[in-house]
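First chain written, first letter: the chains are A, B, C, D and E, and each begins at residue 1.
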């Protein structure tokens, strides 16, 4: 795993973000303390990424933003992962009527434009991290469920599942012992490559004014503030956009190397 | 004494993908994989179902243990009717009937260790007392050293994987083992080992074997009785020796002749069957083998041959037998 | 005259996580013009690596390739990729094992058969005519109409005939058939083997026929080579090999074939033991720890013993092991 | 083929219906009295009551749903309470602009993304493949409104090449095209990367198949195999992907419509929700959901058409 | 340009091939002939009936397609001037005589504009049956006497000075044609039946633009431009860039951009800063604990450092406010009664027994301006132990927060930052803080009968000195209630292209027909 350069790059970037999130408090600045005097400062040694329109240190806010990004990313994709896994398996292995019902539900949810979903939900619950997580879950869960359903249906006819049935194993055991372990690998890869999309959804919601409550320093909020004062200084927008790119690169390469390693077919052991 | 397994007039039908289109355009909306098959299996013996791909032999085998639904007909096992039972009712039966599948490595769950694979039958039926002891004994029965328990399927050779699936099948000492192409995917040198192993286990535990294969050489050495299947029907059935010595149905003769011997300049082989097995979507009229048969007569084209019994236990259905 | 294909001292190794896997070691084999040579070998004996070496399609993790592959006087080992590519499809063609996946599912048969004639300066209709001619040769009924159909509209047997027609379409000097009948039913296998023999006589190309089915090789091939764990252990005419095998592995292989055993046996013969690990190749004879005839001398590398003209076996006891 | 299309169309209608039922139930939960928000607190109680009647909000949810679908079947999507013009007209006026934006974005991102994917697959493992990999992933990560603003700054203000605002004069297609360039750049850029990665993955899958090995054995050039034969198969899953993408591209279109002040359905929905203009919300969502389902259906049909194995079974 | 009939695909290919020759685009835009004025509005028009107009976008358009008896003079001081009237005179406290100018005629052949049309236009505004949201502007109207087809007298029930600052000059004073409007059932929306202004509504492309074309029958002073394109642009950033790229000739900018444009003027344009009449304030719901205690409210009043809040929200472009009435209007106060004093604030909290601090919410509209201001207030209140959670709302939810008739959010609201726009008459500010407005616009739910009385009297007080004292007293009452912290009146930055000379009211509102090209 560690030999491919892409794998190293992926792990390195993800580690960078996780470390950033852990040591956010050590930069010596508070993420929300206002300092009007030194607003829109360019990056310097005292302020690695400069300061925003309220004079707050952007590097600190980005690090605190990492906590939110990772939080939203892992909580949201976690829920979608588990929800998608269970619903997908039920749809794939269960009776046909249940399958078409669930499929109908998945497709209807996916038919909803994401922004429409976000708008309706946020007006429902008010802007908060929970709303962002809920939007992300509703936007990604149907996709995972469909993938799991497709794989469950192909695994259903494999000989090791038939032999388990011929032993008299009940359905739940077949799902848990034989089908799920073979699903987890590809699903983890799909989910890890979806994390960047999740982060951009949060950024998009902040842009529409539906994001997290100020002064929470989510990357989307920083980017959105940077957008509003783009003419004053380009740095806040860059400071907001850069971590999103780094996170995306990190998780995507991590996902790809995971895929090469978890998919036995691609393994080249001669 | 009553036979261990009795299959009478079993018909199995599969719906094809879009029924509406088929019904509108007059095509058949489903295909008949097994078209009325009957045979009996004596306890302790080995019975072979022989046929080429598309003959329905695998479908029939899977139907016996309820993996594939039967449209009509009946399956009796040790005096009890087991066709049409619900999944839960079938669980008891499935202790008595075990299955070995065709792909040596593909029939083992890729993410489980050999130990977990062998523990599965015991866990499913709640006999987990002295689990490790049982597993060790099973590995020994099939000639695998204990350290194989930690290996994973993709780390096994074809032969080793086949031994694991045999061990799994014998875990609960079933009365009947249905082996689907046990020698497929194995080299000739290893096939012998597998057949010897199955013979020893039969002698040791009195297990009855129903073997599904297309390899006539194997059948000649292992099976007591055999049946030849073509397009979902049994065209000839009888003692293995009788059929090898005097095959009557033209398809059986073709099969035997196509079985190339490893002797150069042996009598140059006359091809006794043309073309290939037709698709089940449009079954030929009359005797279904007539399009490929070199000895067909006009009657073969129009009506189905009656079944004849030249000697006890030997039957076939052919208008112009060998 | 020199053989069409002359392989001497060919060795191929692969880089694997466990180390250098020596798939082929010092293989010598030749095919004369118009001759059908069979290669018998069980899984893991290196026959696929041999084919890939000949047609220059070794996989990415190939390590060292040494020795010589002479083809009509031209040395193929080390030949630049482009020059090798020109040979493939023109003078050397291949048929593969699984007909179901050998054809491009989204192109019609006609399109695929004209595509492989891209080197010939001929009009499209001329290429179509030639395709139909070869489909007739492989006894495809109503070839003209079926040219515009797609692979999934043909049965397994039909698809293998199409592959054979494609392979012979360019009238190659050497046709390599890699287990062409393994995936077919017996009745069909017989027809394909007869077809191959007939077409070989008609076109006169040499054929390298690889299989693990002894009956098929015996039926089709003039000369036979037996491969075991990356080495050619014995080669000679078909009658010599099948009647008077001199290498213990060949003898055991023939003994195990249930088809050859006349009487019904209680215990079937087998070759006990496992294939050797080709990363740490054992010293001396490769078959040593599974060989019933092994004795002290087997520790050293066995010489190429010529039992009679054209019949060699790599075993110290080759001369004594006369058929009982 | 027709029968399959009809079956899918039926399914499509059901999906749109379920999506709308989800929407109506969600609207029921939204706090605040829509009438008050829409008419403003100045409006008198009687006016508010009359308005709530008109929008049918005083009925229980089920009646509302039944009434809504009843009217929809007759082609009447209700009237926009503010401008009391028919919702159908209000929404359909905006649809062409969003369609133009979406198809412009998809066209250029496919024209660049797909060949890029093939190129990366052809030279897999090389430095070029890695660079394409990094670029395509970064393009996915960049939110479209950031690209939009930088595009505006560079191309409109500094270089003055492209207009900043609106969708161009109605009669003049050239002018409309000029107004499409920057917005489609912003919306489409993410798609270039996504398509490149997807095409590369499905191409590698196809290149490992047996018939490609056979093509190589016949001496065909790697380039011909990749671009002519493997692409024909690899394009099939990509078309399905494009169908789904075009469908929910309305979400990313909203950002471009806001930043470039373009008319469009995305912004129409955004404004309608903010002013609680439910008839317009319902009508617009119904048309966008219908559009999504239609796109996925068309994409599936094209994919089925491209794959002879599927085509023959329909 | 339209001669080439290229298929869409060829066009894309041609453009790609030609590398998007920019020259082609630039020339195309200018070659449209005729003088065209392109201006921004913040939203699309929805209803052009004076009685049911929605907001500023409709006002800007109506000002050009309709005429009123009078309108506001562009410039820096608020005074009215004659528009379609040749004579307009307040003869006594309750009578105003008017005479229409000659040659005023309705479009689409609806005949001349008559005094009867003026009677119809004003009486329909006050008509309870029509129930116009703006009926308050003319509630004091008794009836309109028609002398002849050109002149008449407006008879009021009581003296009403604000009429001259609002009713007569702005939207509610626009004259519509009785014949045409009654033919459409008494009201219209986006298709005005008859127009008589300097321009006519030529075309409306929803969400895209409104095109006004010169009215050939206009007899008065001819406006400079042939056509006016009103383009709805929500995003301020886009509008600024549009101006600098030359796609629009007029836009207002956010206060926070004013310092930047002062330092470096917009490319190809100029900035004018106008004092805004609007008022921004921090309100406290007097019924929501702990703000039901006077000491807590006064503590908050003393804890807010207004300049720091303005620095955060407007980058110093806006001056602190002393009340809800902007400078230059009657009733403007010199300074507030409370002042920034943290220790006093902490003292007051201790008195209220809350010196250990407490939590509360601050509800705002989700714009950048308010978000920044809220975070500054949050920081200020944190100094005295109050932890504030900021609740951002989209416009739909925000504007119904305090409205009693739409749910129960009015109970939960604690702190609010809000901004009301205004007309140049003090009554327009004080009206919203009266007891009658509790549960409508008086979200602080501050009930001061004295304030209500003063508001009624001031509206009909003719003596400006007395009126001034009343409004000052009313704002003092607001200070004493503790429920209000006045922040600013904001600032209006107007950017116009160098090529045009804008006609702006004192608060920056545009009079498009007054726009001219620079000399």
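A few notes on this one:
In the analysis below, a residue touches a chain if its C-beta (ideal position, glycine included) is under 8 Å from a C-beta of that chain, and two chains touch if they have at least 3 such contacts.
It should be emphasised that the depicted structure is a prediction, and the values quoted were computed from it without experimental measurement.
With steps allowed only between chains in touch, the distance from chain B over to chain E comes to 2.
Counting C-beta pairs in contact across A-B and across D-E gives the higher total for D-E. Averaged C-alpha coordinates give centres for chain C and chain D that are 54 Å from one another. In whole angstrom, the spacing between the mean C-alpha positions of chain A and chain E is 43. Between chain A and chain D the centroid-to-centroid distance comes to 21 Å (mean Cα coordinates, whole Å).
Within chain A, the positions touching two or more other chains are listed as 119, 123, 227, 230. Residue positions 237, 394, 396-397 of chain E each touch two or more of the other chains. Across the assembly, chain B contributes no residue that touches 2 or more other chains. Put simply, chain D touches chain A in their complex at residues 11, 14-16, 18-19, 22-23, 26-27, 29-31, 130, 133-134, 137-138, 140-146, 149, 153, 244, 247-248, 250-251, 254-255, 258, 266, 269-270, 273, 285, 288-289, 292-293.
Chain A meets chain D in the complex at residues 5-6, 104-105, 107-116, 119-121, 123-124, 196-197, 199-200, 203-204, 207-208, 220, 223, 227, 230, 237, 241, 244-245, 247-249, 252-253. Chain C contributes residues 42-43, 155-158, 185-191, 193-194, 212-219, 238-239, 242-243, 252-254, 256-261, 264-272, 274-275 to its touches with chain B in the complex. The part of chain E that touches chain A in the complex is made up of residues 237, 240, 256-257, 260, 308, 311-312, 315, 366-368, 371-372, 374-376, 378-379, 389-394, 396-397.
Chain E contributes residues 1-2, 6, 8, 11-12, 15, 20, 22, 24-26, 28-29, 43, 46-47, 54, 131, 133, 189-190, 205-209, 231-235, 237-239, 241-242, 244-248, 267, 394-397, 399-400, 403, 405-407, 409, 440-441 to its touches with chain D in the complex.
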